[in-house]
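Shared between the two complexes below is subunit A, which pairs with subunit B and subunit C, respectively.
Now for the complex of A and B:
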């Protein structure tokens, strides 16, 4: 198995805190995987992101990114491989125009101007925002802003994208646009996607779900196996998927198949029953 | 308090030839002691609308009547304290408004600013921290050492501590985990039951279906729909115009009706949906 990220036994405690924010955590993430990290507020999700991106340093343990154990000397190289998309796009804008904004990360990396222009254009094209190049980012809709923020991340060509609740502030349409874009990027650019989310429906897009609680990995498995936890999910701050809540309400009166049913499967079962109406 | 908007237009940068209309001739009544949800896309004017209720923004033309106060373009900024004490506003990302060195002082700031004695403000802080579901031990901590969800609760407690009659919430649960979201939504419903008026801006259509009595739908600075959640989510014009999305239950029902199922009115909550499905299959 080819791991783009390999985390071994890391522990981190915030200054003055009584308990560990991350407690002896190990996790391997495969190249091109779409992984969801879920858990309640305060379970350690954001701390883990900061550790992976080298914004804070673990008290013990190691983090390997693309085969390299990160340390003070190579952290800047490692960070180039990672792009983070945050929750609130408004906090991410620095440029006066969309293209300035996308160029910011490249400028930081000292990319020469001709190449920069080329990379900015390519990134804006990937998110389908090339027509907005000269607009003020503040004049855009939420979904458009988040797409520009993603273009800024893409311009530096990261191998790993971390979405830190990046769709939670968007309206349903903006959210769909962003998720469709991420799906496409993963497919076309072979990117690894790590999505930190509270939205159980969004986790259905991923291949694997890791549940954090008190800074530890408490569950790790295929989405179906996590959804099968049913009401236990609420202990981890999660909601049961819509289809599983509905299945439970119907099960007493209707004969439905065992186990977790996604929306399609539930709909088919209901239609089957209704054919005898 | 009943709130009435009469032909309210709000132009951002009114003197600029490129002025854009935040609100465009809006007339609407928000009922006393009800739970009203305001929905619409990002940029549709939802925040602009509610910022008029405590005069953070003033109409360019038209008037806003809040209880016995009338706000027009002429209203001056003096004497707005009584209004703002009665209309509490929880902004988006309220944690960014925290600034004191302890949680207790932060919660006390609002009520003391509105003239409450230190002693009363302190006791209010103790009541409110419990009401928002946090242990009293947090009162002594710095708000900046708390997790995002805890900070959100402290900020909400700070608004509630002044005991406002009307509470305006601008996406108060964005970024909270679903269990935290349910707790906070339950708290707002409880406050309504105790006789307060709740106005909620949200993108979460399931919350609208589960908690709201009335819904206002905004689009391009105008009000394009009004009614109960069931009326609004069954409004063909709004749906085909792409001005709103449906709660999960209604979406599921819509898809079910592609084969055999028929809904006179789309169910909008899980209970309504499961009842309908059982009735249509079992025929009773």
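Now for the complex of A and C:
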């Protein structure tokens, strides 16, 4: 499989910090993969995002994006391939209205106006916000603002979307609309999704989970294998999935299959147990 | 809320310049006819905007004391050959009363046209107009686009900072700060614990925004295209011509 991002042995230390924020980290991310990066506060998740986007420069090591090692000369080209949705919807809204904000990235690339109008409309349609085109950000809900932020990123057609805890400030409904949207986009637009999160429900949507701790990759695997860590998960700033907690409790009394079961699998096995009796 | 009357639809650049031009020519008026003419014109513009006159009267309110003070000053300190009433330095005369009436009308005219501009133009349109009007300054390396972007971001963050202030005030109130009590000095002092956290949070918002902007490819003002477009139309040219005609009439009926 192709690696869209290939990180080799990078180390980064914040100015005046004692320890490394990112410590000799290597990571390959496949094209069209949905990868979750988890870890507790200060484990280096957000620093890693900034390094990938070249917003900060690594002390050592290399980052390859779409086959190109990023350096000062091509960083702006690399950045075009990456869109980031940040945590706070209010702090990333640049434009005075929804359409202005969506156009911001295009304006930066110097896209001529007629094409810009088309692309803004198309992006707003993708996130289903076309009716709010002329509204100002103050009149939108958190979920709607994040959808506008996604439209702003989509307008420039990136290959990679990084969600830097972008659902953590949303209510459950807002979170669901944003995640459904990302799921759909990845499917339709063939994008690579990197999701940085504390939310276990969100990691269940991904194909692979990377656990960071102290700037290092400590676990890397399929969601099931990570959930199987059980209570060890809490050390990495994650809560055990509800179904996993329930399975643990039920194992004492019932004979359940080995390994991680999601809610549906758990339901099925319980149901089969009773029918056998 | 944007309306759909003619005045709303005018190009903001034209409106902006016309407003300043009008404020300039108000000072040409010097008799009943010319003041009356300008007043009629402004009332006609207000009528065209389809905005309730009440909003304009509200615009006068914050200026009330300034207007009153200036009018009284003119009324009692205009020197005259034939005073109606005299007391020390105070003189009340017919000339004084006429001049103070002119001053009053001048205030009303200026406040009405500027209210008309702000009511029918969104802040972002004003910032666009400033950018467009200052464009020639680019020749002397004046960062016009950057300043316009700064202005529009500042406007965009006003409501956010107001929210932030309310939040901080509530947090301080919960800790027992009373903002409405004590003398002037004490009240001013009680604002220090609001200002400092407000500064801190605006810096952190600015940092977040800068990162978000850079990640979306913002380098500096150069090489950017513009999404918002101002369009100069026939009606804007007509409005400009109307202003020239107004000036002509004004020059004819003013006394020399």
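Keep in mind that, in the parts below, the second predicted complex is superposed on the first by the 273 of 277 C-alpha atoms of A that agree within 3 Å, B and C clash if a C-alpha of one lies under 4 Å from a C-alpha of the other, contacts with A are read in each partner's own complex, and residues count from 1 in each chain.
Operating definition for what follows: contacts are C-beta pairs under 8 Å (C-beta built on N, C-alpha and C of every residue); 3 or more make two chains touch, one makes a residue touch a chain.
In this text the structure is predicted, and so the values were computed from the model without any measurement.
For the composite obtained by overlaying on subunit A, subunit B and subunit C cannot both be accommodated without a clash.
When the shared chain is aligned, no partner comes close enough to touch A:11: not subunit B, not subunit C.
Of the two partner chains placed around the shared chain by superposition, subunit C is the only one that A:53 touches, whereas subunit B remains out of contact. Contacts of A:142 after superposition on the shared chain: subunit B is touched, whereas subunit C is not. Of the two partner chains placed by the overlay, only subunit B lies in contact with A:40; subunit C stays clear of it.
Once the two complexes are overlaid on the shared chain, A:3 sits clear of subunit B and of subunit C alike. Looking at the shared chain after the overlay, A:228 reaches neither subunit B nor subunit C.
Applying the stated contact rule after C-alpha superposition, one finds that A:214 touches neither subunit B nor subunit C. When both complexes are overlaid on chain A, the residue A:105 reaches subunit C alone and has no touch with subunit B. In the overlay built on the shared chain, the residue A:62 is in contact with neither subunit B nor subunit C.
One listed stretch of subunit B collides with subunit C once both complexes sit on chain A; from 37-45, 73-81 or 127-135, that stretch is 73-81. Common to the subunit B and subunit C contact sets on subunit A are residues 88. Residues 122-124, 152-153, 155-156, 159-160, 205, 208-209, 211-219, 223-229 of subunit C are the ones touching subunit A in the complex.
The residues of subunit A lying in touch with subunit B in their complex are 14, 16-17, 39-42, 46, 87-88, 141-143, 165, 168-174, 198, 200, 234, 237-239, 242, 245-246, 249-250, 253-254, 263, 267, 270-271, 273-275, 277. In the complex of the two chains, the subunit B residues touching subunit A come out as 41-43, 92-93, 145, 147-150, 171, 174-182, 203, 205, 242, 245, 248-249, 252, 255-256, 259-261, 270-271, 273-274, 277-278, 280-283. Within the complex, the subunit A residues that touch subunit C are 50, 53, 55, 76, 79-80, 82-84, 86, 88, 90-97, 99-100, 103-113, 116-117, 120, 137-138, 152-153, 156.
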